[in-house]
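The chains carry the letters A, B, C and D, assigned in the order they are written, with residues numbered from 1 in each.
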Amino acid sequence: MKRLWETLQELTRFKSALVGLGILAFIVALAIYTVIAIPYGEAVRLWRGGEDVWRYNPVNAKPAWISYFTPRKLPQTRVLRSEEHAQMEEETVGKTSRKVTITYQFRYTADLPPSELALVYKPVFKKKSPLVSVTWVTPDGREYTFGRITVKSVSVHGRYWYSVSRDQKLVQLFGTQNVEEGLFCRADDPKRVQKGDHRVVITAYLFEPDASIETELVLYGTVHGLAGTDHLRRDIMVGLLWGTPVALSFGLAASLGTMITSVIIAALGAWFGGFVDSLIQRLTEIRMIIPTLPILIMVGMFFSKSIWVILATLLVLNIIESSVKNYRAIFLQEKNAPYIEAARSYGAGHMRIIFRYLIPRVIPWLIPSFVLAVPSYVFLEAALAVLGLGDPVLPTWGKVLSDAYGRGALFQGHYYWVLEPAFMLMVTGFGFTMIGHALDRIFNPRLREI
Amino acid sequence: MARKGLQSLIRLARYTFMRAVAIFFALVVGIFLTIVIANMGGYVDKIKKAQVEESISMSVFTNPAYKNLTTEEKRELIDKLVALELERLGLDKPFIRLDRNFLRSRAFRYLIDALTLNFGFAEHIHSTSGSKRVWIIIKERLPYSVLLFTSANLIVFFTSIYVALVLSRRYGSIWDRLSVSLAPLSTAPPWFYGVILILIFAASLRLLPFGGFVSIPPPKSPFAYALSVILHMILPLSAWFISGIFASVYSWRTFFLIYSSEDYVEMARAKGVPGRELERRYILRPTLPPIITSLALMLISAWMGAIITESVFKWPGLGTLYMEAINSFDTPVIVGLTMIYAYLLGITVFVLDFVYALVDPRIKVGGGSAT
Amino acid sequence: MQDQALISVKNLHKWFELRKWGFIHVGFVRAVDGVDFDIQHGEAVTFVGESGCGKSTLARTILGLYQPTKGEIFFEGKRLQRLGRWYRSQVGYIQQDPYGALPPFMNVRRILLEPMVVNRWGTRAERERRIREVLEEVKLTPVEDFIGKFPHMLSGGQQQRVVIARSIVLNPKLLVADEPVSMLDASVRVEILQLLQRVQEAHNLGVVYITHDLSTVRYFSERIFVMYAAKLVEKAPVRELIHNPLHPYTRALLDAIPDPDPENAFKFKEVPPGEPPSLLNPPPGCRFHPRCKDKIEGLCDREIPPEFEPVPNHYVSCWLYK
Amino acid sequence: MEALLKVEDLKLYFRTTKGVVQAVDGVSFELASHTAMVIVGESGCGKSSLAKAILRLLPRNTHTYTGKIYIDGIDAMSLSDEQFRRQIRWQKISYVAQAAMNALNPVIKVGSQVAEPLLIHRRMRKEEALRKVVETFQIVGVPTDFVDRYPFELSGGMRQRAVIAMALVTNPKLVILDEPTSALDVLTQANIMNALKRIKEEFELTYILITHDIATSSELAERAMVMYAGQIVELGNAGHFYLEPLHPYSQKLMASVPTLREDKELDFIPGQPPSLINPPAGCRFAPRCHKRFSACDREPPMVDYKDGRKIKCHLYA
């Protein structure tokens, strides 16, 4: 314990190690927060939820903080509910039918048009579905009427989604412009937003006495949350947050597991020598020839893409790892150390010597290499995800990156989508490496004065 | 003198032969293990059998020709057809048997196939020449991978050793300290830098191509063709370089610093051996064996890292082939590729073992460790 | 019981097999090649010889770290077949390099505890008491200042004291000290030798003291055994050997050792030519004959000299005393 | 007689994580041509650092390196590194390193390593140089066919001789021997000492022999220097030093040397040498000294005692 404390104190001598420790503390805190705030089941539900969960998010929206770096005012998503944001008028038409007029009046001041427009109808009826139509009056007085439909099928939540952006009439009307630009930009300059008050009037005919209707007008923004959204409207933040505990546990478990078995095997070989040692050396050679990544790919392809299965495969493959050679060299040197001979002279058994004398001796070498190996496994997981072998259930940084890459985020300029997971990966890698290098310089006597 | 030279040549030959035998043995076992792992110890066979049974029973039950057969008769017919099909596929034999019937097991046949480069036929992918033989497909892609990654590795290797030597001479200078603080940059693998570089130079600045080997359609004139290839190589090479160079420089610098405090180096300095000579004869030369070992390890990890880097850059080598095979679920190609990787690793280990023997007099002259 | 030797070694051989590629037999390194001697209770005996003469192998064989190839070792009359824990607790071991002899990751308390834990010695309280006892005995006082320290926090002399404390913690009857002071500074050397002597007298220990440095011998032991190329060539009480060396090798050895004397600078010494033989292919006959200026042609190079006793209690293996 | 080597107020400090180590702290002495001087002291007293300071073999963590060194009339401290390499190294001074076992490059044949100084400083052709190496090998007693062997094929004694041959091959004026025999056996040691004595006469060499082994040091010594905690505490003729040391430290040191032929009561020095990071003020030996008195709190002067001896002690002031 005391030595651990001393080591930490010595670490503070290195500026880079301090940065690394800061990063590590942040990552660990983030991981703990994530696991508490978004329990595993919830994370999986959110990530696989699709449209139902994320309907109100824009597609491929940039993170909101982008606005601080641009003089333009970027629109956020606005959901205008008829109960709050509109005036409702009702008049009876004929015997049983009623006409409901919902009038939205809202001011639009952002410098970009919304990324998408949708209307949500929440009708209540028994047999005869309501008939609706929309009239949109722009600030400069243009008036468009569209979306004359019957609100027929209703999803489980009682909502009927109508995409204004894909309204055939509007699409045809605006031609080369998209619908949002058509409605929100100036007539004379189709790229500049016409700021001012929009009026949207929704007329609904209800054919049953108990029928009613509420609506929501959704103006999707171009920015969303801290991390933006992906092609499935998912908040990337969920992926980034949950990627943290996954990456940490994968990296630490792989690094630790690999190291423990390799060290023990190297110690056994070096200590017993002879047949055991040659066997282990041959096995190390064989291990060098077995291609790790291809095998992981095959496992991912034919068996399971679960990150835990991949981890288990990796650990099995790495029972003997190429570092056995390095450890063995150290042990061979150490095995003839006088203190080992002394231990034998007072009767310490083989296992006691291996586990209490040999292995503790190499811990100073092990700790830095353990820390330094963590990032490589974190990146390995990401690499597998990029190859399309990412865990299908869990959100991970690799998955986010892979989605971005696969969806052509680079071609379409959704750089944030690539950069965010990349940033997390890089920062984590940096943290571990900086600490690792500093530890190396503390523990490795040959490096101490260098 | 001449006799001694001959003797050391014989010793070298004997050593090389022993290493070749050891590595061949390792290769055989390694490939066999790869086969077993790739087949999940026979689990994949079970899946295949189930697939065969399902497809045959489906076709029997849906085929109008067998409409008037009873269920019993259909069952019989299915069993017969399945048995035939399994025999055709060789699936009737056990996957692995650890007794005297081992030589008749499928795993052993796979091993022989793998050792004779007979990887069978691809299911979907074919070579540009139209062949579906896995070996031909792989052979076509191999040079691309070798071209890119050998050059990438050698560039990183020689640059880093040169820079490290210069830095170790200037211990404590600004450049030296910079190299120490930049070392963590190499945490990220090449494919990662690939993504970032594509983002900057291809997507954002539009200076260089996103990926591929040559622009499409390929330029007609050889000069333009070569230029296009070079343009396409810049980003992958840079990604590889950035990812490798910092850690490499750092570790070689540290390595040289450690070795330049050896007694014999100090002695040489006292003798008045001039700087460059000192570095060449007293620092570089004695440390060649560990340097070569690390080059071997670097190449081995490079072969693996190549898979992802290539697929990020759509470089038409083995890595991209892997990606294609994964996407189209082309099992023979995947297994074949895995075998090729085992070969590449084996060859790498062997070649470097040989070079090691050339530079270490303890092996050339004999002696060394007797026990 | 008391007249029985503490340890008695008969015709002891320790050969190491040399293999190439790990399986092809090349030959044997005959590190100890037919050695006989007795050591009595409470007697300190010095083995002196050049490095590579097999004296350290002999020590390790006595300690039971190596199984003898041939020959027997009797401890208090009991023949040692398989070396059990019992025997290990009867023998203490002091090594040359005090820093290397102590596990760097254990503190002094743990270091001293280990032999007791391994040999299941005493209860927890007894062990703690014993640790304090031995630390006081080797003068690492106040005990509390040292008990928690790690080896690297101690000076060379203090480290060697811990090694000595560890070697006696199980109350052994025999100490094997392999060059215990050769890595220490001259000023500390004497201190440690005196401490060893005190410990030996206090517990009536038999001591096997191995050294290449004859000048420290007289301060410590009663008898000297001279070893050359895996064999004992001369055995005699200290004074007798120093003043009346019989074997040509012993004479050369004594001649070569300087005392601090300014006259030395003006004298050339007579040193036998050549180097000690390889133990893989030792020369036939007397192993010293290729370097010996008194060799008898036809005898020394053919037959191995037996042990003669030209002076009572002074044994020498040399044909000159036939 | 003109001094071959003159050192004035030489200081060599190292920077470590714990502080600055004052390994050589203000050392001044002169050494006449064709004499052998031994430097004795406990380990860590700065004797090896002194050798390195004279040879300008500075470690990377050097903090201070000041003073004056005149070698054969050349002001060595004013030379640039390159001039020093060309004019001093192996031209004027050669060096036999401590643990000479490791002083040979394991992958270069012994002969070409020994010949190297000739190729560098004498611009000889390779064959000519090797001929000279064979000659030198004969002088120091190395079988001449070892020219063609690698260091790992040689025994420790032979390697040591090869290193000595390397030091002699260019006929330098001064040879600094740092513990040249401490790892070797008594007979080999005596053998090498014989060779060194013979060579000294033959080549009219000047030696500086650094050792902690006082008995062996007497084999070669004409002058003796005792160092303690980075400073010289006693300097004088060997005859005086071995028979009648003056400084309390030298006295204690001599008393702790066991002798083979005469009976004497051995003594030891209690305590440990001080850390060179913060050496005690005043006399550095005072805390361990049995003769200390009130004046010892002050830095003792270097006293010129009779017979040209110098003692750094208040007792003789």
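One rule holds in what follows: contacts are C-beta pairs under 8 Å (C-beta built on N, C-alpha and C of every residue); 3 or more make two chains touch, one makes a residue touch a chain.
This one's a predicted model, so the numbers in the text were calculated from it and none came from an experiment.
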(message) Quick check on the contact graph: shortest path length from chain C to chain D, in steps?
(response) 1
(message) When contacts are scored as defined above, which chain pair ends up with more C-beta pairs, A-C or B-D?
(response) B-D
(message) Measuring from CA centroids, which chain ends up nearest the centre of the complete protein set?
(response) B
(message) Based only on mean CA positions, could you tell me how far chain B sits from chain D in angstrom?
(response) 55
(message) Using Cα averages as centroids, what's the distance between chain A and chain C in whole Å?
(response) 68
(request) Quick one: which residues in chain A touch 2 or more of the other chains? (result) 450
(request) Note the residues in chain D that touch 2 or more other chains, in rising order. (result) 60
(message) Please output the residue numbers of chain C that touch at least 2 other chains, ranges allowed.
(response) none
(message) List the residues on chain D that touch chain C in their complex, please.
(response) 36, 42-43, 155, 157-158, 185-191, 193-194, 197-198, 212-222, 238-239, 241-243, 252-254, 256-263, 266-269, 272
(request) Going by the contact rule at the top, pick out the chain A residues touching chain B in the complex. (result) 16, 282, 285-295, 297-299, 301-303, 317, 322, 375-376, 379, 382-383, 386-389, 401, 405, 410-411, 413, 415, 418-419, 422, 425-426, 429-430, 432-434, 437, 446-447, 450
(request) Spell out the part of chain A that touches chain C in their complex, as residue ranges. (result) 274, 278, 337-339, 341-349, 352, 357, 360-361, 363
(message) Considering only the defined contacts, which chain C positions touch chain A in the complex?
(response) 22, 60, 63-65, 85, 88-89, 91-93, 95-97, 100-105, 114-115, 118-119, 163, 166, 170
(request) Name, in rising order, each residue of chain C that touches chain D in their complex. (result) 50-51, 155, 157, 185-191, 193-194, 212-216, 218-219, 242, 252-262, 264-265, 268-269, 271-272, 275
